[in-house]
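These are the structures, in structure tokens.
Here chain A shows up in two complexes: once beside chain B, once beside chain C.
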Partner chain A sequence: MKTIVTDFEYLPAKTVEEALELLAQHKDDDYKIIAGGQSLNTAMKHRLITPEYIIDIKGLSDLDYITFDEKSGLRIGALTTHRSLEKSPIIRDKYPVLAEMEENVASVETRNWGTVVGDLCNADPAVDPGPPLIALDAKVTIAGKGEERVVDAEEFAVDFFETLVQPGEMVTEIQIPALPPHSGVCFTKYSQIHGDYALASAAVLITLDESKKKCVNARIGLGGVGNAPVRAKKAEELLKGKEITEDLLAQAAGVASEETSPISGIEASAEYKKDLAGTLVKRVGKEALARAQKA
Partner chain B sequence: MKQQLKIVVNGEPYDLFVEPKTLLVQVIREMLGLKGTHQACDSSSCAACTVILDGMAVKSCSVLALQANGKEVLTIEGLADGTKLHPIQQAFIDNWAFQCGFCTSGQIMAAKALLDENPNPTREEIQEQMDGHICRCTGYNMINEAIRDAAKRLQSEKSAQSGKGAA
Partner chain C sequence: MKEYSIIGKPTPNVDGPAKVTGEAAYTIDMTLPNMLYGKLLRSPYPHANILSIDTSKAEELPGVKAIITGKDTPGGKWGLWRRFRELSDQQALATDKVRFIGDPVAAVAATTEEIAEKALDLIEVEYEPLPAVFDPIEAIKDDAPMVHEDFPSNINATRHIEWGDVDKGFAEADYVREDRFVLEAAHPCAMEVHNSLASYDKGTGRLTVWTSTGSPYFVQQNLAEALKLREGDIRVIKPHVGGHYGGKNSTMPDAVNAAILSMKTGRPVKIVYNRDEEFTTTEHRTAQNMALKIGLKKDGTIVAFEVKTMTNGGAYTGLGATTLYLTGTFITMPYKIPNYRYDGVRTYTNIVWGTSIRGFGAVPAKYCSETQLDRAAKDLGIDPLEIRRKNAVIPGYEAPGQYKFESCGIQPCIEKMAVRVKEKWPKLEKDEGIGYCAFAYMSGGIFNWIDTPYAYSSAHVKVNWDGTVDLYSQAADVGQGHNTVAAMICAEELGIGIEDIRLHMGDTAHAYTDLGAWGSRETLMNGNAIKDAAAQVKQKLIDIARLKLGENIAYDLVAKNKRIFLELRPERGLSYYDLVKDAIRANDGVPLTGTGHYTPHNKGMISPAYGMGIMAMKAKVDRETGHVTVQDVLVVHDSGQIINPLGARGQVEGSIHMGLGYGLCEEMPMDQGMLLNPEFVDYKILRTRDMPEIEILDVPTYEPNGPFGAKEAAEATIAPAAPCVANAVYQATGAEFYSNVLKPEKVLKAIREAEKKQKASKATGK
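Up next, the complex of A and B:
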């Protein structure tokens, strides 16, 4: 049986202040933050990490919220589970792409206990929420004791399992601006088994002008095809200011594909993933456009 | 250092002391001796170890036991009423929804969590809920049929009860 072999000291926090205090105290120690632990526990079982301290923030019910208003947009507290995001009436109404994304995250059991922010902080390059958050222009709030900073979702993960979160810090919230009129967003992932990490994933946002002809904004997020989720800026530029035709979309997909740098693995070669990323951009781009025309 | 874990399992309160590295499945199987919850992949991939924690299906191999402090757990042993099987258990038998039975307790707990929330699920909704459960012998159709059958049984049980209440 696989169990966690190495002992650690368990430090549960009840409030955000308590969590930040614990983090400040253990800043220079070998610690890990646990929320749902759906990736962390497995990593500990495999002895990939053997922290001396586990700071448990799962009990911070203050950070378990999803709120929306037109002015400040959407706010997702750091202890929101995948399942809460999936089932939230606010999400289904305003950002259905996030519910669509959630339906393919692992399994119901994992979504029930695991958190969205925990998933982001684990920073697997194929993290499911990564691409849609990039497409939606999300910001991530990182807090330390007595300080707070806000970073762009696309900057958040810096490398395989590495983020901008520094020792002594934790993520407290994700913010997503309200979508402008005539916007459509779509996400899809390709994986060997339903619910598994993506070989490649893509999210596209398209905003059209008043006449619903010309693209005024485009954002493209890709997952699984680099050492962190990728924003395909060159492909976005190609779409902006133009009427999006199938040809243009195919061209942008090709450009997006060139903006990736996947590595080969046992499931697929780098070339395959690169190509797949382009195919997915074309596919979700088409749907995002259709949604923008209806919105 | 061991820490206190107060937990209610199948209605029984327990006051335990556990090492922080202990997983919920280890408490259930090794400390409480409830071996109906099975461990297979131990890496959150098969769902055989599914139990219900405060109303939600979770994989007990992937939850730190101390995170269940103060919470209620329901395992397969908590379903039957004495020797009378729970309608979901009976429906699994009647619909040939298992062969070796290793994954069955996890399947039944996930089905219970679904039916508690949604008493009349569609085939697709059942599929979505059971998606993470790996069964190597049965094929998944019979499991889906068993859960739809269980939903009917639970509903008729419920209406029989409310009928009695009215009389």
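Up next, the complex of A and C:
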């Protein structure tokens, strides 16, 4: 690691238009967007990247918002910090699972400055917002100059530190649909130390029918157990249309665990993480079910 | 016990306001006019010959003011084991070859840190990589690569300790068990990285160095050797220090190269390590392999104990040889062991070197011995607390030729623990367990490897006309709170307030010598010196008071509450302030002074006094994830007369934090000598939210060798933390651990292993 990052040209943007203009101008250059810089600075000090231009979007206050209405659901602007999400009354009321998730992201200092979208764009496979956004069926808006596209949260990260965002583009917003009635969502991550990156994490959404017996929809997102957050579709299928019992959950957890492909590292082996993912799905699924029954 | 006015009263840290408001200056905060920034170029190879170094491109970079390589240095070798010249093995810059990844080969001084760092990239070094050795057992093989040419066997130091008749002891034992352990390295992780600012005055030939150290005197001595200057021409100043934890005893290349660059340029030069350099090139707690054999009677009495260790010393000595010795002594404490044998070997290897990290030898040692003791107790059907009580020493106990306990509260500590545990944790839930560990630790070391001709500690007290006091000593506050302790001891002795005392500490030019902050020595050793100095002044005041009061000479006078009075007739006395004025007048206008000193004599090989006690932890194990939650900690501690209960509490809590890190998550995995986690994202330290509640109960004793009966409180409680966790998990699940760092995966494996064993034994039981 170096003490000092390499020289670059600093290009601050004040509005989305300005940012998109700068991005279009430097489309073919070696540039990087900086938001809170929590991940970017480290990567630069390690010389993993040595951009010639830094386009600073931290000043885009027009993208710092959290709104909700029943029709279009929740909208999170790209400059929303972890801390804003954690403390938002809207989130606490409508999507408490996101506030729960935030309480264990890094430390307060990092949450104060780092953005949720920056976390997703950094694309560490263990990114905490990844699995709950998959479970909540979130969409991500990617904008370029004069164009915009919307992608599923589960498609957003494609590999280690790689996303669908192309040169000249940036993420502007995350959308989450309103939850159907009788839905419960829960997320947990496991790390030995509080607030550390997850060895594995899991989010489960369960929607029950009118009678609150049968599962009509299930979505499972997993983190830290592949080259990007993964959706455990086979495990979801196992739950759908059935009455969820502890046995069934354990079975689904086993299937979900098989849908992962973690790698070994100094923190833990791949086998351990695989097992862990199953354990977490079982635990989180139980809580999601309880919440759905109460909802 | 005696009533004190200041000693024993919870006293906020005298440096607290400056530290919390950010006003306290650390070396890292300091700049001087015209100052240059230095950086070190480091070896990417664990072992290689240096064929050539070309600095020409770097020299052309505008802003670069000096570049040095090994041949430009004065070439003096240094180390803390000065008494044994061959162990003075550190050098400013490698000349012929590099011995670990990070060994410095060149240094640059430039007008900015950016330029200095850029210049490093322009220096071209041609290396010839050599076969390297990373493991202590490999290192002693005949065909192993040689780390230092004058140590063909790669054996840096050996230690043998023996008393009683070990073989006879084992023959008499009813139960013998052997266990082998592999202990991981850990880094001290001080918040303030190593950094130094050097300013050389070409006119006078004198050097001043500000540095983040635990011992300004060691740095002064080592600089004299490295630079081939006279000690007296070097002044070392220790400003506030942002953490030591054992990693700041050695003089490191930052101080030496900043000095050389300043001598070359005639300008002040500052070198600050970045966090990566801190992890990869500064000293850590040594990894080692230990083998233990213990023999007990059926009733749990220990009759023989044999320990062997082989430590992965790394490229240089540091205080590693001392650590090796202390590993062999602390592992026996606080137990009566009639027959004991220890053999320790420290090897040179091609990694960054290990040293005296907080708990100095006790930490790995106690991890092994106390987890072994739990397993022995279980096999013998004896309660883990009872086996410790049964073997614990009593006052006056002596390990022949090694150490003696004078004040010794371990038995009452264990008794108190037994009572409190029952009240505190009357019932355990599923998968919960309680782990115990008894401990003892020195209050300053008696060793003189540094070969000081001076007293181990000294202090100078000057009382001014208005009664204010200037206290001078090189003793080091490194965050542990010694400044507060020093002021309290001085104030108590003189019967005044700590607000009357101004401290002048940690400056080799302005104060008398003290060996620094290591081995929990400052309270006892510097405390004795301060008390001695203050007592000399007090005596002068008492003499004047006696004269003025005209009392019977048989009456005793005391100094308290800013008065000097008859102990048994407190109303008959005089004001301290008036007496000071009289005394200075009577002294031809010279302020009152006292110079105190302390060097232990006839106190065995280790220390004049030992802090001790017993720790218990309650932990819960998650059988699916392998996570261990430490729920609660209970410490019963004999620290003699505690000087500052607030400071002592801070030290115990900090020790437990560091000890738990050693037990649960801190590790330094390496691949071919390269550290794999040199940053805080990957090097795991427990956070506030991971820390359990800690209850501390004191069993006060009076330590005859300490000031006001005091002894250490800073390090004893680090060693027991990790074995307490491992023992708690063992009690809860039967899982056995033969290495520290109970990461969840390791715990899970050990639990599965234990479950298998339990099933198998049940099956055979049927």
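The working rule: the second predicted complex is superposed on the first by the 293 of 295 C-alpha atoms of A that agree within 3 Å, B and C clash if a C-alpha of one lies under 4 Å from a C-alpha of the other, contacts with A are read in each partner's own complex, and residues count from 1 in each chain.
FYI, a contact is a pair of C-beta atoms (placed from the backbone, for glycine too) under 8 Å apart; a residue touches a chain by one contact, two chains touch by 3 or more.
Quick caveat, the model's predicted, so the values are computed rather than measured.
Chemist: Regarding the shared-chain residue A:266, is it in contact with chain B (first), chain C (second), both, or neither?
Modeler: Once the two structures are laid over each other on A, A:266 reaches chain C alone.
Chemist: Could you look at A:10 and tell me whether it touches chain B, chain C, both or neither (first, second, both, neither)?
Modeler: First partner only.
Chemist: Quick one: is A:113 in contact with chain B, with chain C, with both, or with neither? Answer first, second, both or neither.
Modeler: first
Chemist: After superposition on the shared chain, which partner residues are touched by A:287: those of chain B (first), chain C (second), both, or neither?
Modeler: So A:287 meets neither chain B nor chain C here.
Chemist: Have a look at where A:194 lands relative to chain B and chain C in the superposition and call it first, second, both or neither.
Modeler: Both partners, chain B and chain C.
Chemist: Could you tell me if A:62 is touching chain B, chain C, both of them or neither one (first, second, both, neither)?
Modeler: neither
Chemist: Thinking of the overlay built on chain A, is A:103 touched by chain B (first), by chain C (second), by both, or by neither?
Modeler: After superposition on chain A, A:103 lies in contact with chain B alone.
Chemist: Per the contact definition in the header, classify A:2: touching chain B only (first), chain C only (second), both, or neither.
Modeler: both
Chemist: With the two structures laid over each other on chain A, which partner does A:279 touch: chain B (first), chain C (second), both, or neither?
Modeler: In the superposed model, A:279 contacts chain C only, not chain B.
Chemist: Have a look and say if chain B or chain C is in touch with more residues of chain A.
Modeler: B
Chemist: Pick out the shared contact residues on chain A: the ones touching chain B in one complex and chain C in the other.
Modeler: On chain A, the overlap between the chain B and chain C contacts is residues 1-4, 42, 107, 194-195.
Chemist: Provide the residue numbers of chain A that touch chain C in the complex, in ascending order.
Modeler: Result: residues 1-4, 42, 107, 190, 192-197, 199, 266-269, 272, 276, 279 of chain A touch chain C.
Chemist: Quick one: which bits of chain C touch chain A in the complex? Just the residue numbers, please.
Modeler: By the definition above, chain C touches chain A via 113-114, 117, 272, 274-276, 624-627, 664-665, 669, 676-679, 681-682, 684-687, 689-690, 743-745, 748.
Chemist: In the complex, go through chain B and note every residue touching chain A.
Modeler: Interface residues on the chain B side: 1, 3, 19-23, 26, 39, 42-44, 47, 50, 53, 56-59, 62-64, 66-67, 110, 128-129, 131-133.
Chemist: For the complex, which residues does chain A have touching chain B?
Modeler: Residues of chain A touching chain B: 1-10, 12, 34, 37-38, 41-42, 44-46, 54, 56, 58, 83, 103, 106-110, 112-113, 194-195.
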